[in-house]
Amino acid sequence: MFEIQRTIKYEADRVPGFGREVMGVPGCEKLKDCIQCGTCSGVCPLSIYMDYTPRQVMALTREDFKREVLGSHTIWLCASCYACAVECPREIRITDIMYELKQRAIHEGVYPRRFPIPVLAQEFTKMVHDHGRVSEGLLVTKLFLKTNPLAALGMAKLGMGLMKTGRFSVKQENIKRRAELAKIVETVDQENLKGKA
Amino acid sequence: MAKQEQEVRIGFYVCHCGTNIAAMVDCPEVAQFVGTLPGVVLSKDYKYMCSDPGQELIQQDIREHRLNRVVVASCSPLLHEPTFRSATEKGGLNQFYFHMVNIREHDSWVHTDRAEATSKAKALAQAAVHRVAHHKPLETKRVSINPTTLVVGAGIAGIHAAMTIANSGKKVILVEREPTIGGHMAKFDKTFPTLDCAACILTPKMSDVGSHENIQVLSYSEVTKVDGFVGNYTVTVKRKPRYIDEEACIGCQDCIPACVFKQPKFADEFNEGLGKRRPVYIPFPQATPQIVAIDPNTCLNFKKGEDGGRVVSDKCKKTCVEACGDKNAIDFTQVERIEEYEVGSVIVATGFQTFDARRAPAYGYGRFPNVYTSLEIERLVNASGPTGGHVVMRDGKSEPRSVGIIHCVGSRDKKTNVWCSRVCCMYSMKLAHLLKEHTGAEIYNFYIDVRTPGKGYEEFYNKLLDEGVHFIRGRVGEVTDWAMTPDEEGKLVIRVEDTLAGYVRRIPVDMVVLATGLEPQQDAQDVRRMFNMSCGSEGFFLERHPKLAPVNTFNDGIYIAGACQGPKDIPDTVAQAGAAAAEVLALIDKGFVEQEPNTAFILEDECSGCKSCIPLCPYTAILFDEGKGRAYINEALCKGCGTCVGSCPSGSIVQNLFDDEEIFSEIEGVLAYE
Amino acid sequence: MSKEWKPRLVAFFCNWCTYTAADLAGVSRLKYAPNVRVIRLMCSGRIDPQFILEALTKGADGVLIGGCHPNDCHYVEGNYKMLRRFQLLKRMLGDMGIEPERVRLEWISAAEGEKVRRVVNEMTEQIANLGPLGMPGRFAEWDREVESLAAQIEAREGGGCGCGSSGAETAEKEVAHV
Amino acid sequence: MKYGYFPGCSLKGTGRAYEESLLPVMQHLGIEMRELDDWSCCGATAYMAVDEGKACALAARNLAIAEQEGHAQLMAPCSACYLVLNKTQHYMAEYGAMKRLVDKALGSVNLRVTRPTPVRHPLDVLLNDVGLEAVKQKVTHPLKGLKVAPYYGCQIVRPYSTFDDQADPQTMDRLLESLGATVVDWPLKTKCCGGSLTGTLPKAGLRLAYILLKEARKRGADVIATVCPLCQFNLDGYHDKIAARWEPVRIPTVYFSQLMGLAFGLPAGRLGLQRGFVPMKPLAAVTAA
C-alpha cells in the first residue's frame, strides 16, 4: 500500500496579484526577468534541504502560488549568503526576495509551528526593540526554551564551554537611548500603516 | 522668397498603417484638422499610403487638384521618404516639394494616450504643412561608382562575398589582419548539422580566392583610414611586416625546420595555444597565401628596441635564410608599409571574437587545467590539430571518461553578455557528438534552453538524444575540485540543479567544456567609427533595417556581412555575404548614385568675408575668393551637415532642404497647435 | 487657458544618431511622455542658437538637442561645434532668467532608444515641476509696457520731434533690465 | 588615520576575541578607532526577515550617529553589520520610498543622514589605507611555516563589497602572506559556514561547517583564519557535534587579527586566543619565539 496525493494545481489555488505585489517591493522587481535556469539552486549551499528549490520559489511566486511559497521551508533555510544573487544571470536579488517572503510569512503567521528560525527572528527583533542590542547567550537560551527544550540540553555543553571561555553571558546588554529607538520603530510602523491605507 | 509667386496648393495624407498608427492616432480627425489649415487643398486619411494604390492616389490628386506640395504623415522618413518622393515625382512635381511626418515611430508606437497621440500628430502635421510651403525645387546630383570593392575580413563571410563579386568580373581587394585568410571557420573540425568537414568545404574556396585574377588578397594587413563617400572611397591599408618577401616566397616551408629552435616552442595561436610553433611558421598547412611569417617577438634575430618595439639584432645564425637559399625571400629589414586603394563600395565582414571564459570565474577556466573552451576542443578533435585528433587532456595522455559541456557561458547573462549567441547549442551538440565518437565518454550537456531553429537542426538534436548524450536542463552553479564522495576524488565536480528532474545534483567529470558565446571584436568600435557605421547596444554593427535592409548600414556604400552584425552560423553568414555582394553588384551595375541635394551655398551679397566658417568645415569644402573678399562652397565636397550654416554670423549660408525659413516655419508649426 | 497646462518640448535631433535612436524607441515600442515634438536635422551642427530662442519665444517650455556621442559624429565633429555654441547660449539664457533645465543637450547614439525614452521622460517631469515658461505671454506683457511707456513719453514731450520709435527703443532697454 | 568604530553585538559577546585582538593591532599600526556612542543593533539578518524598513531605520540610526560625531568613515568588522550598513545605504540611494521612510523615522528623534558614510571592513582598511608595506614593517615574529586557510565567508564579499573579488577574494591571502604565513589555496573561501542554521537546523547548518573544516584539513591547513564572529563560532564551537555526526575534523579557527597580533609580537594572552575551543597548537612554537 502506498499513499497517493493529488499534485495538480487549479486556478483557485493561486492568489492573483501576489506575484505582482512581491515584484513591486524594492529589491524584488527583477523577478520578472527570471528564465528559470536554476543557477540559484545550483550555487545555494542549502538547496539540498529545501522542499522547493530557490528556482521553484521564484516560479511559484511569479505565478501567485502564495500559500505554497509562504508555507515552504525554503525561505527559512536561506542563510543570506547572497551566492545566488551574485551568480544570477538576470541580476535577480534572490536573497532580498527571500527576505520579503519571510516577512510576509511572519506577518501572516503561516510559518511552521515550533520551527526555530522564525521564532529566532522574532525573539531577535523583540530583544532589539526592548534593549537596542542583542545579547546572544540570552537569545539562544530563550530560543531553545520556546522551540525545543530538549535540544537545549544538548546545547548545554556548548553553553558551558562558552561560559568557560568567557563568551557566554545571560546578562542583557542595553543602550542608553532606548526611548529614541522605540520612537524610530513606532514611526516606521505608522508609516507602514499609512502606506497600506 | 521672391520666386514664390505661385499659389501654394498642399495635398495632405495621413496613413493608418493598418492599425499601427490608427490604433493610437485618430487619423480622420487629423485629416479633418489639417484640411482647415491655410494652403491645404485636400486632406485625406488612407489605410496604407506606401502601397501602390496609396502612391497612385498621390499622383492622381497632383494632376486632378493641381497640387504643388505633398505631405504624408506615416512612418519614419528613414524608411519611406524615397517612396513618397518618387510618387511625387511621378505625379509631375519636383520630388523635393514633398515632406514627411513621422507619426508612427515617433508617435503611435511610443505613446499610450490616444488623445495625446492624436494631438501630437496634428502638431507634427501642421509643422510639415508650414514647412512644405517654403520648399524649393532641387535637383539631385549623380556620382559615378568606382567598380572596385573593398572587403574587410577574410573569414567565410569575406571570402564568399569576395568570390561572388570577383566571379562577376569586378575587382575586389580583400584585407585580412591575420597571416592567413579563413577566419574562425578554418579552425573548425566538422560543421553542424551535416558534420561535413570544415576544411573540405573551406580550403578549396580559400585557394580559389588566393588565385583569383580579380581578387587582390592583402593578408597580415589592416585598414586604418577611410575617406570619401559612396562610389568613391579612398582606403588606407597598413601592411604589417611578416619579414618575408611575398613575391619571392614559394611556400616550400624549408625555412621552418631549419630554424635554430630545434623544437617548436611558442604557443601556437591557430591552435588556441594547445600546440607549439617556431618563430618562423605557417599557421596551418592549407593557409592562404602559402607564405610563411616570422614573429619578431620570439625570433632570436630581433631584440627589444628603445621604444619598446622589436628591432633587428642580427644575433641569430639565420639558418632560415640559409635554407631559403637563392630564393632570398626572408627580409629582416621589412617595415610597415602604408598603401592607398580607391574603391567604390565596402563590405565589412570583420567577424566576432569568443567570450573570454575567465570572465565566468565560477567555472574555473584558467584555474583547473581540464576546463576547456569550445574553440580549444575544436582544435583537439581536429585531425590536423595539435594532437592529430586524439582527444587527450592537459597531461597529454589520458582520455576523458566523462565530459560536461556547459552552454551559455558568456551568453544570456546580464553580468557579461545579455544576448543569445545562437550557435552554441548547435556547436555544443556537435562537439558532444565528436567527443563521444573519439573517446566513448559519457557526455553531459548543461543547458538553459536548447535552441535549434535551423534546417536539420532539430533532427541533429534528436540524433544526439539517440546517441545517449545526457541533456540536463540547468545552468551550472559552479565547477569545483573539492570532493564530497569517493567517486568525486580527483575529478571536476559540476554542481547544478537538474530543473526537470527537480534535484540539485553533483556530477563528477574528467573534462569540462565551456560553450563560450560570440561577442563583437575588441576593436569593433574603432572599425565602426572608421566606416561611419553604428553599433547596437551590444556592440555589433547595426544594419539599416532589421528586416528590409539587413546588410546595409546607415552609410551608403558600406555593407556588413557575417557575425560582425550579430552572432550567426555558417549558413546564415554565407547567405548574408551573398546578399551584401548582390547589393554591391547592383550599385556597380547601376553605375551611379543620386546624392541628396542638401548641400550648402553662400549668398555672395550677404557674406561679410569674416572667414569664420572656413575652419568649421571638416571636408575643406569652404574656400575664400580673395578677389571678391567672399567665401564660397565647393558643392562637390560639401556633405550637407549644415554646421557652417548654423554658425554663420551674418546668416549668409543656406542649406538646401534645411534652410532657415523651412526650419523656423517648422518650429512655429509644432508649437501653433494647442 | 481652460485646458490643463502640459509642458511642450521641441527637440532637434540629428539624422544619424538621435533621430534613428528615436525611431528605434518606436520600433521597440518603448513608451514615453507625448510632450516632445521632434524636428529632424542632418547634424546637430546645423542648430543655430536662434532655433532654440525661436522655439522658446513661440511657446516651447523646453528644448532638447540630441546629437551623436563625441567622436561619433557622422560629419566628423559637427556635434563639437554645436557644443561650443551651446555653452555660449546657455550663459545667455541664464542671463535672461531662463532655468538651465529648460534647454538640454544629450548625446544619444543610434542604439540608445532607451536613452531617448529616459531623457524625454526626465525632462518632461523636470519641466512640469518648473511650470510654464510662458515666453509669448511675457513678450506680450513687455510689448504692452513698452507701448504704455512710449505713450507716456509721447504725452510728456508732446510728440513734437517724431522720435517715438527711438523713445520706444530706450524704453525697451530699460524694461529689459527690470 | 581615524575611523568611527561600529563593533556590533557579536563583538561584545561570542566574538569578543575579535575585538580584543583587532583593537590592539590597529593601535599598533597607528590607527585610531573611536567607538560610536550608544550604537544599537545594526539591523542584522534576522531582523531583515521580520521588517526590512525597521532594519534599515536601525542601521541608519547608527549611520546618523556616525555622521553626528563627525566620522568620515566607519569601520565595521562584523560581516553582518558590514553588509547591513552598506545595504541600507544602497537602498536609500536606490529607492526613494525607503529613503523617505528612513528619513521620517530618524526625523522623529531629530537624527539625520545627509551624506553617505563609507562603511569599511578592516581588511579593506589594512590593504588600501594602511598598505601591506606598513604591515610588513611591524612584523617581528613572522608566521613562518604556518599554513593558513583564509576563510572570507559570505557577507563581506557579497553582494556589496567593493574592495575584493566576489568569486575569488584575495585581500586576506595577501595580508597573511605579508605576515609570513603560507596561504593554503582552497576552493571554499567564500562558501557559507551555516550561518544561524547551525543552531536552528543543525542537520543542515552543521554540515556546511563540517564541509569547510574537512576540506581545510584535507588541504593541509594548520589553522583557518576568519573575518566574521559567526563564522568563527560555527567553525570553532561545534566540533563535538560534528564528530558525533560525521567524523572528527579538529582544526583551530581564529580571527585574522589574532594572527596579526602574534606576528606583531603582541602578548598572546591579550589577543583573546584563550577563548577558542580548539587551541591553536602549532602556534605555540611561533609565540614562544
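Chains: A, B, C and D, in written order; residue numbering restarts at 1 for each.
Quick note on the criterion: contacts are C-beta pairs under 8 Å (C-beta built on N, C-alpha and C of every residue); 3 or more make two chains touch, one makes a residue touch a chain.
The structure presented is a predicted model; accordingly, all values stated were derived computationally and were not measured.
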item: Chain-chain pair with the highest tally of contacting C-beta pairs; value: A-D
item: Euclidean distance of C-alpha centroids - subunit A vs subunit B, Å; value: 50
item: Cα-centroid distance, subunit B relative to subunit C, in whole angstrom; value: 37
item: Averaged-CA centre spacing for the pair subunit D and subunit A, given as whole angstrom; value: 23
item: Whole-Å gap separating subunit C and subunit D, where each centre is the average of the chain's CA atoms; value: 56
item: Junction residues of subunit C, two or more chains touched; value: none
item: Multi-chain contact sites of subunit B, meaning residues that touch two or more partners; value: 362
item: Numbers and ranges of subunit D residues touching at least 2 other chains; value: none
item: Interchain contacts (touch definition) - all pairs; value: A-B, A-D, B-C, B-D
item: Touch list for subunit D against partner subunit A, complex; value: 9-10, 12-14, 16-17, 38-41, 44-54, 57-58, 61, 91, 94-95, 97-98, 101, 104-109, 111, 153-155, 158-159, 166, 190-192, 194-197, 199-201, 203-205, 208, 237-238, 240, 274-277
item: Subunit B - residues contacting subunit C, complex; value: 76-78, 102, 104-107, 109-113, 116-117, 119-120, 123-124, 127, 529, 532, 534-537, 542, 546, 554-555, 598, 616, 618, 639-643, 645-647, 655, 658, 660, 663-664, 666-668, 670-672, 674
item: Residues on subunit D engaged by subunit B in the complex (per definition of touch); value: 165, 167-168, 186-188, 211, 215
item: Of subunit A, residues touching subunit D in the complex; value: 26-27, 45-46, 49, 77, 79-83, 85-86, 93, 95, 99-100, 102-103, 106, 116-118, 120-122, 124-125, 128, 132-137, 140, 143, 155, 157-158, 161-162, 165-169, 173, 175-177, 180-181, 183-188, 191-192
item: Contact footprint of subunit B on subunit C as seen in their complex; value: 1, 3, 8, 10, 15-17, 19-20, 22-23, 25-27, 29-32, 34, 37-43, 45-48, 50-51, 54-55, 58-60, 71-72, 74-78, 81-82, 85, 109-112, 114, 117
